[in-house]
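Same chain, two partners: subunit A is paired with subunit B first, then with subunit C.
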Partner chain A sequence: MTRILDFDILRHNPRDAASVPRLQRYRLAETSGMTLFIALTRIREELDPGVHFDFVCRAAVCGSCAMLINGRPGLACRTLTATLPAHIRLLPLPGFALIADLSVDTGRWMRVMSERLHAWLHVATAVDLDALETRMDPDRAEAVYELDRCIECGCCVAACGTAQMRPDFVGAVGMIKLARFRLDPRDARDDGDFFDLLGDDDGVFGCMSLLGCQDVCPKSLSLQTQIAHLRWAMARRGLAKAGADHGDGI
Partner chain B sequence: MPAPVSPGPWPARLDLLQSATGLFLALFMWLHMLFVASILFGTDAMWRVARFFEGYYLFGRSLPWLVSLFVAVVFVLFAVHAGLALRKFPSHWRQHAAYWRHMRGMRHGDTTSWLAQVVTGFGVFFLAPVHLYLMLTHPELIGPYESADRVWSGRMWPLYLLLLLLVEIHAGVGLYRLAVKWLAVGDKARMRLMRLKWGFTVFFIALGLLTLAAYVRLGIEHAPHAGEPYLPTWQRTLS
Partner chain C sequence: MKLIHADVLVIGGGLAGLRTAIGVRRRGLEPLILSLVPAKRSHSVAAQGGMQASLGNCAMGRGDNEDAHFEDTVRGSDWGCDQVVARMFAHMAPKAARELAAWGVPWNRVRAGAHEAVINGERVVIDEHEAAQGLISARDFGGTRKWRTCHTSDGTGHAMLYALGDRAIAEAIPVRERVEALALIHDGERCHGAVARDLVSGELTAYLARATVVATGGYGRIYGVSTNALINEGMGAALALETGVARLGNMEAVQFHPTAIVPAGILVTEGCRGDGGVLRDVDGHRFMPDYEPEKKELASRDVVSRRMAEHMRPVEQGGRGKGVPSPYGEHLWLDITRLGAAHIERNLREVKDICHYFLGIDPACDYIPVRPTQHYSMGGIRTDHRGESPWLSGLFACGEAACWDLHGFNRLGGNSVAETVVAGMLLGEYVADFCHSAQGEHSLSSALARDFVAREQAYLRRLAGRPGKESAVELRRRMERIMTERVGLFRNGDGLRTAVDELGELLARSADIGVRAAHLDANPELVLAYRLPRMLKLALTVAMGALARTESRGAHFREDHPARNDRDWLVRTLARWEPGASRPTLDYEPLDVMRMELPPGFRGYGARNLVEHPDSALRQSEVDELRAAKQDRHAVQSHLMPFKHLLPPRYRRRNARLDES
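Take a look at the complex of A and B:
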């Protein structure tokens, strides 16, 4: 039996002064193996060419198709309609600037977060491109690679009650970025430096352990474990600090 | 890129302190429940427990101010915990609305139980000080008849009933949250923790209801003599 699916999709274009946010209903017959990506493409091709949404890879790699699917953040390209009821409500990811309809600007958010957290490799000496790279312990490399699997989709931010209440909170994605550089032996920073970036209520101490992030991350990263490790490391640092600031920030 | 400005050690310390006071209070509440439940083993058993905490078996006489001292410490930790936890409360309407909308959409246990923690914490904030003040100022009035009279003739049972439910829910969720906050737990262990948390909550609420019922019964029986202190059976002279 093919199901008839009703999609309620948020329609709004913030750059059009006359646009009022509204839910618009589209009806499709379900096909086998249908993902939300397929459904949205068919809606655009057959029912309404004006619906905005983002896709690039269609394979849970680029992170651009995250949206609220019946209230929960998820990637549209890897959500099968068969896992959903016949009535599907799609909203843009909250917490990010709306471009139009289901399309949000996660890129700008991620950039602001990365710049604030200095989320890039800090090497102590200039890299000699002609020399052989320093070897890295394979287990360590594996652990770094594991955290590098984050696709910056923004689901963890949209799933986090803390981030929804406090827009300056760095979110799980921010915390695991720094966890990643903390693991990387090439990064010259120590816990004192990471403390300066993360050791306050917009950082790891703002996290209230609601674990929405852990439960929605489409890449199944071990966010709870990473955040708990960071919290310990930063708390230890905070205790040791005793007011005496160290000043060797890079 | 501007160099990061160190937040200083205080956010870290306050977070630790919030967890430490929460841990102490939650474990204390569980022990407290077990002590109070001694009434289920009879009035003499409860009398012994009460005297024990007055140092009777250590110093050979009752020193109720020891109880006052301990209550004062609990009161301070309670206030510290509440003050720190208040930082987490949504304060603006926008935050309330955001959390509410988020929670309804997510249909996610840990997200919902956080709101339960805020609401129960808020309730405990008002109700617990009534009890703490009585214990602080009248530590000598802890005993089978004394307590039962307070519960029934003193009309404290509605307060105790509410406190029981609020504190057990709050402490259970709080301890679970402490575990996921500070320890690396996999998804499986988290499920088990969740079940354990429910087990403890149900057990302590059940024990609390039985205990409260026992005091109410004793209080009703003793109401005609309300105010008369309890004497253990072996100290009573045959009349």
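Take a look at the complex of A and C:
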């Protein structure tokens, strides 16, 4: 039997002084294979042309459509309504500036984080485009790609206890990026450099190991393992540095 | 009025735009990127299977070189491409792959020793040479004679876009996100930048620049079902069309990819077939060998798509009636079960995820429901080999938004992301040269910019809250239906005439679209209201180009004119839109057979159905004579069709290969 779905959607325009955040209800008959992308598009086309949300690829690769789906951060485009109860509450992703309704500014957040963490490959030498490329171990290349698969959707930040308390916390997204460059033999940086970027309470030592990030990552990245490994490496580096500073060696 | 100056304004933050911006930055200029979305969310991210570059490292790629890549590209284009551009591209692609390797793309690498693969449905063992260990590997793709497609699993576009996105951040290149260009600022001869709208605040800004580069991707979303991202609405091409002077090239050349899932229309990569997957019909029969005994599933995309449609079409309409019925219409099966779970987990993991989340199936055990779906725009803003519009100085375009004409009437899989970075590398230099030349001097009075901003502002004020009687959603659906049904995989004169008439009507009606919300800041209803008339203009341009072109070439197939007609149609369609006109004006630019390195010939699919160009045989004999002299391949090539002098000097050197170094 066809279900009738009730969508409670947060409506708010932060640029309008008269706007008060509220939940607005929209009702749709469920169709087979309906995703939240299909449902929200129908709501906009048939019921209310003014609802804000962000979809770009609608194929779960661009990271635009993360939102709170019945309280849990996730990608709306690949969420089938069949996996949800008939009452569906959609809220914007917390931890990011609200643009309107379900649309948040993850782009700005990610750019600021990348700039702060120097989250790009640091190339040691100029590249000769005409010569054979530098060889790379095939297993290492695949391992780097594993960590490169982050789509900057922001789910890990929304699910993070520390990020709720520390506005400058880099989140699992920041840590997985540096873990990725640390693993990459082409990156010229060493653990001393990474410690300078990540070795404080806004970095790897701010993580309380609640690991909400691991639970919600839509790409199933090994965040738990990577953060643990990074923290171990940064702690070792920090201790070595402290020892050297105090002259008592460790 | 808010005015912002930059040396180079880049509209679009995907691979082509980012690489161009990085290039001009490295030449000491100040670029500024405008993007509808955060740069890393651009549609480039969706490219899965890989990037063609003739590195020739892996065993099945040994012996590959620029000549082979060039010839595959020209044949793939059905001789519609600009061969000089194809030559420049084939020469640059290895440099682009190597640059990206140095910038962080974790390309899959060659593993020396024996490994299993599936070729033509059979398990075979391939032995990788010790000398190639750790070099960039490649997979097979359609329409190529060697394994040439470099990849990172099936997330190639993601890995490339993140490497370039990170590089742009490293070089402190500003990206204005959620900003949409609404009009190019120009005086009829020279482009000076663009008026752009902040999609959050609604504020208009005049961005003034010495050079403006449009890198906004394709126009797939004028079709009802497309593999394209939702933002690929052709607004870059529309910006050029609205100038009334710049021209669009070959807009009727629209590619349909054989394997998008049903019903969502999401692409699963050609790598599925490249890695050994096959297509099956309702009986489980592998049908492609019946039609194309040589290339089978790895024929060019246009060919496979047409064969699939033919195979599904009812018998009484001349087809085989072998489609699989479903609530969403008929489809066929893509079978990659033979590849095994381990291979899929490692090399086709996006495909696995897509199947899991959108279809609820496991492709290691289940067949994937697929059918041909709009995928790529070969047409776009017509430019010269430097990416500049010949009609509007200072306006450049690259990537899918452009028609410098690498793809002609059909693009080969893996040539799209390769084109974006190659074009970006080249435009970085050409645009910088332009800015440093006398032409690149900035000589604009702000009065012109003020006029353009005032015009756009007045238009938006008129539109917001306008009680028009037309529904933008309804008009859009009708446009999408017309394009899919009448301007799709198979076209004919009657259908196209109807399409042109109906699209013309929709365009007229779009002047009366109603917009309920009256506010000028973030307003999705307003956005659709101003984009739709532009999409309709593009749709009309595609349909009129298709109606006028009474031949079949590549992806443009006319049932009433099934032959490729080189005698009359070896020409590029040019379209412009006179201000106030209700339809575009078409004219044509001939391709010069006597300057082709690869004279027109039979492409090798189906029966030979070709009207020859009078010069083809003559040019072929010239070419044969030169080749018979047996000089080395570089010497022969430079005699036949010199191109290196057109490249920026830093990119002219030969590419090293294991076999050639």
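Of note:
Everything that follows uses one rule, which is that the second predicted complex is superposed on the first by the 242 of 250 C-alpha atoms of A that agree within 3 Å, B and C clash if a C-alpha of one lies under 4 Å from a C-alpha of the other, contacts with A are read in each partner's own complex, and residues count from 1 in each chain.
Just so it is clear, contacts are C-beta pairs under 8 Å (C-beta built on N, C-alpha and C of every residue); 3 or more make two chains touch, one makes a residue touch a chain.
Remember, it's a predicted structure, so these values are computed and weren't measured experimentally.
Once the two complexes are overlaid on the shared chain, A:71 sits against subunit B while remaining clear of subunit C. Using the contact criterion defined above for the overlaid structures, shared-chain residue A:229 touches subunit B, although it does not reach subunit C. In the superposed model, A:188 makes contact with neither subunit B nor subunit C. In the superposition on chain A, contact of A:115 is made with both subunit B and subunit C. Subunit A is touched at more residues by one of its partners, and among subunit B and subunit C that partner is C.
Look at A:47: by the touch rule set out above, it reaches neither subunit B nor subunit C.
Overlap of the subunit B and subunit C contact sets on subunit A: residues 115, 118.
On the subunit A side of its complex with subunit C, the touching residues are 13, 15-16, 32-33, 35, 44-45, 49-52, 54-64, 78, 80, 99-100, 103, 106-108, 110-111, 114-115, 118-121, 123, 127, 129-138, 141-142, 144-145, 148-149, 151-152, 181, 184, 186-187. Within the complex formed with subunit A, the subunit B residues making contact are 1, 3-16, 87-88, 90, 95, 98-99, 101-108, 110-111, 114, 177, 180-187, 190. Across the interface of their complex, subunit A is touched by residues 37-43, 45-46, 55, 95, 97-99, 101-104, 106-111, 133-137, 152-153, 155, 158-159, 162-163, 166-167, 169-170, 175, 177-178, 200-201, 229-231, 263-264, 266-267, 327, 346, 350, 353-354, 357-358, 360, 473, 516-517, 519, 521-525, 528, 651, 653-658, 661 of subunit C. Interface residues of subunit A facing subunit B in the complex, by the touch rule stated above, are 68, 70-72, 94, 115, 118, 159, 161, 164-166, 193, 195-197, 199-201, 203, 205, 207-212, 214-215, 222, 224-225, 228-229, 231-232, 234-235, 237-239, 241-243, 245, 249.
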